[in-house]
Structure formats: structure tokens, C-alpha cells
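Before I ask anything, let me first share the structure, which is written out below as C-alpha cells.
Labels run A, B, C and D following the written order; every chain starts at residue 1.
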């Protein structure tokens, strides 16, 4: 009975995007397919909430034999995917509608967009729940392919360039991830050749017996591989291009969720490696890459001219912070990192949505051409400001809480050098990021700008995210606390809650 | 018996490496394609050897698949795509590092991969012993080709070398993970190649060139 | 009797109501009342509450589980209540003042955002001083910074304001980073974020940690307080803000920095009566003296009235820090009586500065709101059009110059006595250094008086220097009333020092005389004789009776004489006009010349000539510019080295995919080599 | 009863200062005239001047405000209040509990503050000029003054003038070494505070040299009388301080008629001698250029600093 429920749970999780994609392909009506996608996304959200509530009570769900395995960590990722997917679907309707009115896209493109969007959601949903790490890899690679298609939806020069770089770099990176995965598998079958040797559950079970040298090399490959996809510097180079050239809702999903999915891969193997050889080694590497990411992101933001590129670099910074939290370890650090995953998934899409709306209004992405947003579109302006302040870690917004935890754990773990550098560059990021933001939000708009918002459907998703950003800054519901607590236990406790 | 087997393994690995060098050393796109085709044939032979040594029948299927997909379908697709292109792309004029130097660097990379892999305990597994460094060298060489070459097409080829290395690596280490995942990986690669072909097409249309140098609009400096 | 908890909640609720009604309102008189009346009532409750705490027992409460790891803990003890009292007092006056003041703003701006931010700003300050958990302290602290930042850039049409706002925000954030570090050291030692655990655990910290906790807190809170050389934001932000906000910021917000320092030093740095800590005090005295003298030197040559006031805030923070530092030194040598004296001096000056700087900023705001210029070169003669404002500004000016019988004199008297008491310290080098530190301090007092002669004289006295301010009127009654409250406090705290000293000694649980309003303040010397005495009420009695007596005496002696009004003597050249008057720049020229090493003044000449011929000048403009050494020597090099680094980093993003792949390759190889080589070793 | 007597004596000391102030000015002027081979006016001339001035009508500038009119009264009241805390011929004063030396300085500063404002209030360049120079000089004198007070206060144990002067009158005949340095510093400062040469020339009305006079240039009648008188009072207060701190010989330390009489007479003698000394000094130096004055003040500061070091060593 219980297995049946579990199987159905997973099935209903994966069914909506499949059905959605099919319906979009069949119906092809511009008005309908947007609504369908919103339905799909909301069904996913509801189902994920159900899954989360089950996870809170029973910690793990296993379905279809051993094919799917959901624990608290997966649930956190699922939660971020579903929330961002939901708001992105709502936002898409308005955004793509306007693109259509502009003549930027035609009917064919819109159908392709919504197909891609549904498939993209599907692939991402599978990543955190697949028990087989090979399947996980396949799905991460699949997300790359789908998102490349979504990025090159417009046949603009820049979009094609970005898509190309993304494709090549991500594929190369992920091939390293596969090498790492296979190495782990090899380590596993060397000690215990069994059916589920490729499965996460099987792997973490035997991890204590793995050969240390093998694990180290394997983890390096994993880190570089999934790190490329997760946007850790210096493998992040594709990220600003891809995120800035994609259609805005896609940028939001890429930045808010896809990076998390890739990072999820790192976390899984980090757990295995910690069990195998103790957390010291992988922590060390995570901290190094994290510091490099934060420094490079901070430095790159200063000279940015394009709004979305700037946001992309900010994603690099936040992935750095997440990896820093995991690397510092300790309950506080890991908790902070997981909270950071959620917080970033809320704040970054908010910023992307706002920036998309703003670029449509001003007909420009260059920040120098945008001034006085607060006067032209007050609500969007305030939401943009809230998102920006959250991103730079200003209280009382949510990211401050997680950053506080991460940095505290850094002090606690005695990594003073790393923490000092990070704090310095967080201040630098704060300065350079806000400098751009404030120039755009305040000041006098040019006289021909008419004061108006861009429609309720554009505001709604931002308002949802904005209120979550504010609320999570001062209050985290007990259920969410429990979930994150369990997820951090999964990481710190060798994979078991 | 074991030593003979090991010799066979080593020699086939060496042949594979030489085939890989062939790709590094050639200039024109058609030459690469041919070199790639040869390399894939060698690869499928190597796969068959692995199948023989381990006695797992699934590996023969994989070898067959490799032969079909890599030495026939992919070159065909790429030839088809490039034939449609109307611009001059056949000869790459100037890689960052000259061909002679690249060959030497590739040799160094082979040495590097032997050095890096040394510490892994292979136990008595001769297949791993023989092929792991070879496949590792293939990654590095593939990556080097990607770094060094300046046309979009050559980068696809670099990617293909890496995929070949990956395939060999997976085979050598795991003797076939499981057919399902293997197929998944194959499909991924195929779709990847397909998408990159579409992109190739787009790039040549939009930029009137296949030079990656044209793809430098998005940058910070 | 209403419980303390309710009294604490009422003002919070009122400020929230004020904030929300601000958001919901449109521009109108009603809206202004809806914004500022709640904040006024809230401030009154704050005052009542804090006096209740000072005289009664501390309020403590905990709201657990709203966030993981961090409980919202509130503790209002005497120290918090003292600062809360300052907040309440000044914000009451400022709220009252704002009812009239913001009318001016309504014409060009929406009030809704302002009303929201204004109320939240006051609320955040109250919450900062009452929080008892480092996490929530930082939340409220940054909220305070953020809200005040928005208020600074409230006139965001001017790019200059945005820039000063940015400087402010970045500097204060940098400060927060240090505060954060200081708290985290406590956290490492105690494993808890609550101030309570710091408080109990701090005595057990290793000396190094204690020192680090102090130094980080010193830098962090010093930034907020506007201590030199971390003061750069202050003279930019305060003038940019609307004047009522400048008043709040300068009078109250920078005091929260002082609060933080006191909290850290006396509560959770493990500070105690040991000569190990004497250098903390000396550090405070050194930076305090530097702030005082540098602040006042910039103030005296300044032409922008609000900038001058801002620099003067730096000066006064310096004086407060000197007092605080002396208190630390005395405590570390276990000279309790003098430590109390120095702390009273410091806290007395804190409350005084809050009062008179609030008053002065409001006065300046009144002037700016009717004349629309902050440059005193264009002002003058306002005493006739604005008699009330000028009188109130004069009271502020006399107080801040440290002249009897107003409050500034009292706190400076205490500070001087504390400096003199340094001869009790059993260390010659400290004795001499503190004695020498009194040199910049005394110089500061002298120049401060000159500064305010200049500010008041040039703004309110003599002839109007520009034509467009001739037909101006006195400001509305609510503004006058708002200023009068603080002016009354200035007088009250000057004439009856008992009010201040008893407040401080009760709040800080110390014993200090005088024991009744009319009693003498006295400082004892070694032989038990009185070292110094002061009784301000009697001084005021003498002063006023002499005034009456001499009036009568002269009248009797000279009889009734006529008074004729006639033009100022002009050496017979004909009518004097405003171009012949002394300008503010020329007024401060001697001081600028004496300190030319510091100011490096030079004249900038702009010439505009007719056509080609450079000798036929159409206009010539000469401006005396002084160098800002801190920006030139300290900040500009730091910023430009960062920008240099940024420039190098952005070169990495070349746009070449080959380069990108190379980075991946290099990373991979390096990490693999790292693994390989670390294994061999 | 004793209290009543001390208060009365205290008041008498105040009166002595108020009454003798113009006389000291007269003595100095007479001496200066003599050294310049002039006969000079009577030493009582300042009294005549004051009497004349209070009876004269006033002309007030139409540019001025109430500050200009109130200034002489405030100035006078402030300086006279300061006189209450000064022991003159008795080594202490009952008002010592009310205020100390720092308060005296504060009250002087209050008077000067208003005088500077009055100078600015008349809207002529003269007033601005005077205030501007006074701003600089007073600002620089402040630290010098405080440092020398520092030396004196820690040597004699208080800024309370009763304590201070009692201690100095009880101290040995030969002063402490640091006191000599303090005396040099304080003497220079007193010349500056009272506007004597080489800081300021009270006798000229030349815009190149004058400081104090420019600020009161617009005053006439009663106001001018008050300004002049208060200036004399300030002068005698500072001279009294100087002689009572550094040469306290003969000052009465108890309330006996005899000692009081001796004290009073020696005070008259000492203050006259000091006035004559200052007058001689003034005759022998020229007014210094404005920007050389800081050098002089620097000397005062330096000697006081040496004094401080000597205190502690």
C-alpha cells in the first residue's frame, strides 16, 4: 500500500510536465498553451508540497523499486524547482505575450518555447529524485540540451553565441562529471559488486570501504564537472552569456534552479566522499572554489554594462556562498547553505523578472540607459530594489540569514583566512552591485518615459517572490525549518536522516 | 596467457592513442572526420576486446553500436551539415599552437595522465590498467583540441574525442554500467551532436563564418 | 499601572501605525498629521518607558523559534534605556518639527514613502538598542542603516545625493562587517549568539580574543559614529538628507554607534580592572582627539551650513570618545571614582550633542527650507525675518560652543576635569600622553566657538548677501515648537546639571553627585580638598542679578539717553552694500592660513574670455579650495587599487571560448596535481 | 555668621575688582605715556571717560539686531560673574564652591562669543575683520591657556580657585620648577586675552593692526562704556590671577582685619607693579604681524608642555 502511494506520488510529480508538453504540441494556440503551462507548473507545485509534507513526516520516499529515492535534500531542491517553475510559468505568459506583440517571436517560437519549458521542468524534476547517479547525470546533461534550445529560441547573434559557448563548455564539464561518477561506481563495485552499485543508496552504504585515492580523484572530477554546470569559478565563464541571452523566464529558471540542480550533484558526491575519507578533503576543495567564485564575481560586477549579466555574476557569487557553507560544514554552515539554496532561488528569479520587465519598458538592457525606475514603475522598482538588497545580503531580507549562518560557521570552523577574504569581497560586491542598482532605480527618468506598470501578470510573480524574500528574512515556518534541518542532517550524517 | 592478453590490451590502447594523435595532427575538416572515423573503428575493436576478455555479451552490443553510430552515422551527419554550408571552412588556418607543437603537447598530456592515474590501485584488473590512462589521455587531448582550435567544427571534433575517451573509460572501468544508462548516455551524445549541428548551421548563417573568433561579442573587457 | 512590557509595545505599535498610514496616505495636511502624530506619541511613550526602566527594573523577553538558531531576545536595561531616552526625546521634537517642515517637501515629492521610512527609522533605532541577540542586533542595525540610506537619498533627483548615499551605505556596511566579526568572536568562544552568553562568558576569553573583540567593535561602531578616519560618509550623507533626517541621524543615529561601543566594552569584551586594557582607552582617546580636531577644522572652513554641522558632529563624537576612553583607562587602573566622572562626561556630552545638534540641524533646515540654499555665502541678515529661528539657533550655537550657562559647557567641563584627573594614573607615560591629548581637545573647543560664530553670524547677522532671500518669512509654528523643545532642554541641562548627572548615574548604576538639583558638583583631589566645584544654578543667579544690577546702575549713573538709528559707518564712501561685507570664506581665512599644512588651500581660477583674446575677460571666478586629505591619501588609493584588480579580472572574460576551456583544463589539472602531490607527501 | 562675613568679603573682593579695573588701565596708560616722554592723562582718566560715555546719546547702526544691543550687557555680566570666583586679597572666596577656573574661562569665552557676533552684526567690513582675527587668536589661545592651567591645577591640586590660591600661598617661597614654565605660558596668554601688545594694540584705530577695537567700533554711549569697562575688568581679573598664583606673597589667608589690610595693600602694590611692568613691556615691543602671533602662542604652548612633563617627572 505504502509503495503504491509512493509510486503514485512520484508518478504524479512527473506526469504534469509530460502531459503539458504533449498538450502544447497538440494545441498550438498561443493563448491556451500559456495557461496550460501555468496549470502544469501549479500541479507540480501542489504535488511537490505534498511530497514535502510526506518527507517531513517520514524522511524518505522510495518508488518504483529503487529507481527513485527522495529524501529531505531532494525535497529542498524539488521545492525550489516547483516554486520557481510556477512563478516563471506565470511570468512567461506576460513576457512571451509582449515579445510576440513586439514581433520578436512568432507563433512557432512560442510553441517551441512552451514545449521546451515543460520538458525543461521535467528534466530538472528527475535530477533530485533519481536514485541512480547515472540517470542523474543523464538528466543534468538533458537539462543542458533543453536549455540550449531555449536559449537559442531567438536567432539573434548573441543568443547563438551564448548557446554555443554554453553547449560546449557545459558538455565538456559534464563529461568530467560522468568520469567522476564512473570512478565512484568503480570504487563501489571494487568493494561490493552488487545490483545497486550505481545507486546513491548503495553507494553511500558502502562508502566507508572506498579507496581513498580513488575517491579523491573522483571528487575532483565531480567538482570540476558539476561545478562547471553549477557556475563555480573559474568554470563559470558560460554563465553570464547564457543567463543574459536567454528569454527572461528561462534566465530565472537557469539561475534560480538549474544551478541548484547541478550543485545538488556535487552535494551528493560530497556526502559519499565525506563518508569515505572524511569531510576534510572535499571541504577544502569546496572552500577554495567558493572563495575564487566570490572574488571573481565581485570583481566582475564592477564593470558590467548589462543588467542581466550582472545578475548572472551575482549567481556565481551565490553558488560560491552555497559551496562555502557546505565546505565550512558544521550544522550551522550546512543549514545556511541549504537555506541559501532556497533563498537564492527566490531572490534571483525576482531580480530576473524585474529586469525583464524593466528592459521591456525601457527597451534596453544596458544599465546606462535605465534611470528612475522608481518613478516610472514604482511597484516593479520597489520589488527590484528588495530583490537587489536581498542579493547583497542586506537584512531584513532572507539571504542575510543564510549568509550569517555560513559566515558564522566559517568562524566556528576556524577558516579565518577564507572568511576574511569572503567578508571583504561580500562588502565589495555590496558596493559594486548596489552602485549599479541605485543608479538604475533612482534618479530622473528621461522625459518620454510614461509612468505605467507592465501588467498584473508581470507583477504577480514578482510580488509572490518579493513577499517570500521579506518574510523568510524574519520568519521561517517551523515545517520548513524541520525540512532544512533534516536535509542538513542528511549531509552531515553521511546520507541518512 | 595473461601476459599475451595484457600485451594485446596495451597494444590496442597504443593504437587508439595513435589514432587520436591522427586527429591532432590533421588540418582540414574532412581529414579530421576521417581520422575520427578510424579512431572510432579502433575504439569499437577495443570494446570488442574488452567484451572478449570479460566475457560479457552486452559489451559486444556496445561495440556494435559504437561502430555504427560513431564511425558511420556521426560522420555522415557532419558531412551532411557541412555540405550545406556555403562558406569556406575546409582548412583551418591558424590554431593557437602549431601542429607540431600540439603533437608534442599531446604526448606530454599522455605522460601527465599516466602520472596522475598512477596512485589508483588497479588490483589485478588488466583492462583498467591498460585502458584507464589511455582514456584519460583522450580527455586531455580532446580538451586540448578544444582549447587550441579556432573553428566551430574543430570544437565539435574535440568534443567527439572526449566522448570517445569517455566511452572507453566507462567500458574499461565498469565493463558496461548497465545497458539502459549506456543507451541514455548514447542518446544524450547523439542529441548533443544534433543540437551542435543545428547551432553550426545557425552560426554559419548568422556570422558568415565558422571561426570562433567571431563569437566574441559577449565579453567583459 | 501599565506594565513595562506594554509600555514597550505601545511605541512600537505606534511607529508601525505611523509607517503604514504613511504608505496609505496621499499628500495632505491630514496625511502629515497621520504620519507624524503617531511618531510623536510613540516618542513620548518611549521617553516614559525608558525613564521607567532607568528608575525601575530592566525589561527582558524572548521570542523563540521564529528563525532557526536565533531567538529574538530583548533586553532593555539602564544603558539601553538611556539611549532610548535620547531617541525618544529627539524624535519627539523632530516629529513635531516635521509636521511643518514636510509641507515644503510635499510640493515636489510624495510623502508616503517618507512617512514610512521616517517611522521605521525611529523604530529601528529603538530596536537596535533593545536587542539582546547578536543576530537580531545586526538585523536591526542594518535596517537602521538601510532606512537612513533611503532617507539620505530621498532627494534622488540630484546625482550628488545618490553618490553620498552610496558612500554612506558602503561605509556603514563595512562597519557592520567588523561588528559582525566582533560578535562572531564571541560566538566562537561561547557557542551562542545571545548577548547573555557573551556577557557571562566574556571574562573567560583569552586576552587576544578580548583585544580583537574590542578592536573590531571599535572599528565597526566607530564607522557608524563617524570617527576619523572612518568618517568620510558623514559629511556627505548628513547634508544630503532632508534636514529633519539630518537631525535624527546626527543627533541620534551616530550615538547608536557609541551605544554599541559601550555595550561591547563594558558588557561583553571581558573588560576589567587590569592595566592590560589601558591601551583600549588610549586608543579611544587618540582617535577621539583626532576626530575632534579634524572634525572641527573642516567645520570652521566649511561654507555649506549642513556640512559644517556634520563636521561638527565628527568633532563632538571625538569629545564623547575622549570621555569614554578616559573612563576605560581609569577603570583599567581601578580608579572607579574618576572612571565614573569620565563616563558621566562622555554620556553627558552624548545627550547634549543629541539635543543641540538636533536643534541646530532643525534650525539649518528651517533656514534652508525658506531660502533654498545651504551655502552661507548667500545668506545673511535672517535675524530680522526669522527672529525665532535665529534665537533658537543661537541657543544651539552657544551650547555647542561649550559656553556657560548652557549644557555644552557642563559636559566639556566634566571632560576637562576627567582629563585633569589623569594625574591619578600610576603610569607616567599615560599621564603625559593624556595631558598632551588635552591640547587638541582644548583647541577643538576654541575652534568650535569660532565655527559657530561664523555659522550664526554669517547666516543670521549683518546684511543679506543675495537678493533672492530678502522676502522670506518665519517658518511655521510647529517647526518653531519642535526646535523650542530641544532649546529648552539645552538650557535646562545647562542650568540644572543634576538632571543629567542623576539620569546618567541611575541608568549606569553608578554613584555620582550632586545629590540634589541645587547641590554643588565637586571633584576631590588627593588631599581630600575640593579639586573643582561647580554649581550652575548659583552661577545663573549671579549672572542674572548682575545683569539687573548693572542695568540699574548704569541707568542711575547716566540717566536717560537717546538712541538714534543711523547707517553703519562707511568711512564716508557712501552706502555700504553686501559685496563689501566679510564673506564666510574670508572670515575663516586666518584659521585656514594658520593650519595651511593641513588644509593645503589653493585658489582655483576659472576665466571666461571674449573670443580669442585671453586678456579680455568676460567673467572670472576664483574659488578657494581645500584638500581633503583623507580621501586623497586613504580612500582614493584603496578604491583605485580595487578597480585596478577588477580591471585585471574582467580581462579573464575575453569572449574566447578557447580561453574558457583552458580555464577548465587548468583547474582540473591543478586540482589533480594537488591530489597527486599531496598524496606523495 | 562666619559664612555671612566670608560672603560679604567675597562681595567686597568683587567690588574691588570692579572699582579698580579702570584704575589699572589708567596706570598702564600713564606709564606708557611716561616711557614715551609724554605727560599723559591722569590715571583717573578712564573713570572720567566712563562717566562721560554713560551720559551720552547712542547712535546705533540700522543694520544691527538685538544681538548688537544685548552684547555689551551680556559681555559685562559674564565678565563680572567671573570676578566672583577670583580671590583678590583673601586667599579664598566663598564663591569657590560655585565655580572654578574653567568656568571663568568659559564666561570670558561667552563674552567674547557675543562680542564677535556683535562685530559681525554691524555689516561693515571692520566688524568682520575684527571678528575674523579674534576667531583665530581666541581659538589658538584656548589650548595654550588650558595647558598652563593643567600645570597649575595639578601642582596646586585643583581648578577650584580657592584651593588653588590657598595652596600656592602656603607653598614654599621658591615655586615649583614647572610653575615657572606655566607662568611664562600664562603671561603670554594673558597678553593675548587682554589684547595687549604684541597681540593687539588697544591704543590705535588702524585697520591693519586692531583686533578688539574693530569689533566695538560701532558702539557709542552707554554700550561703549560697558564694553570698555568690561574689558578693564577682564584685564584686572587676569592680572590678579597671575599675581595671586605665581606671586601670592602677602595674600591674607584668614579673616582677620590686619591680615586683610596687609593683603589688600600688597594686592594694590603688586597689581600696580604688574601693570607698570606690562606697560614697560608694551613700550619696548611692536605689534606683531597677525600671522606671527601663532608663533608666540606656540611658545606659550611649548612652555606649558614642558611644565607638564616636569610635573610628572
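One rule holds in what follows: a residue touches a chain if its C-beta (ideal position, glycine included) is under 8 Å from a C-beta of that chain, and two chains touch if they have at least 3 such contacts.
Since this is a predicted model, take the numbers as computed values, not measurements.
Under the touch definition stated at the top, chain B and chain D share these contacting partners: C. The chain with its Cα centroid farthest from the Cα centroid of chain A is D. In this assembly, the C-alpha centroid of chain A lies 44 Å from the C-alpha centroid of chain C. Centre-to-centre separation between chain A and chain D, using Cα means, comes to 79 Å. Here the spacing of chain C and chain D, counted between their Cα centres, is 35 Å. We define each chain's centre as the mean of its Cα atoms; on that basis chain B and chain C are separated by 69 Å.
Residue positions of chain B touching 2 or more other chains, listed in rising order: 116, 119, 143, 146, 155, 215-218, 220. Within chain A, the positions touching two or more other chains are listed as 164-165, 168, 172, 176, 213, 217, 240, 300, 303.
Each of residues 650, 652-653, 657, 661, 664, 672, 679 in chain C touches at least two other chains. Every pair of chains that touch is listed here: A-B, A-C, B-C, C-D. By the touch rule above, chain D contacts chain C in their complex via residues 51, 53-67, 73-74, 76-78, 80-81, 84, 95-100, 102-103, 106-107, 109-110, 112-113, 116-117, 120-129, 131-133, 135-136, 138-143, 145-147, 150, 153-154, 157-160, 162-163, 217-218, 221-222, 225-226, 290-291, 294, 301, 305, 308-309, 311-313. Chain contact summary for the complex, chain B toward chain A: residues 116-117, 119-121, 123, 128, 139, 143, 146, 152, 155, 159, 162-163, 166, 169-170, 173-174, 177-178, 181, 184-185, 188, 191-192, 195-196, 199, 202-203, 206-207, 215-218, 220. Interface residues of chain C facing chain D in the complex, by the touch rule stated above, are 300, 381, 383-384, 390, 394, 398, 401-404, 409, 413, 416-417, 419-420, 423, 428, 431-432, 435-436, 438-443, 445-447, 449-450, 452-454, 456-458, 460-463, 520, 522, 525-527, 529-535, 538-539, 542-544, 546-547, 550-551, 554, 557-559, 561-570, 576, 580-582, 586-591, 593-594. For chain C in complex with chain A, the touching residues are 65-69, 135, 138-139, 142-143, 146, 153, 156-157, 159, 162, 165-166, 169-170, 173-174, 177, 180-181, 184-185, 187-188, 193, 642-643, 645-650, 652-653, 657, 659-661, 663-664, 666-668, 671-672, 675, 679. Within the complex formed with chain C, the residues of chain A that make contact are 164-165, 168-169, 172-173, 176, 213, 216-217, 220-221, 223-224, 228, 234-235, 237-238, 240, 285, 295-296, 299-300, 302-303, 332, 335, 374, 389, 394-396, 400-401, 404-405, 407-408, 411-412, 423-424, 426-428, 430-432, 434-435, 438-439, 442-444, 473-476, 478, 481, 484-485.
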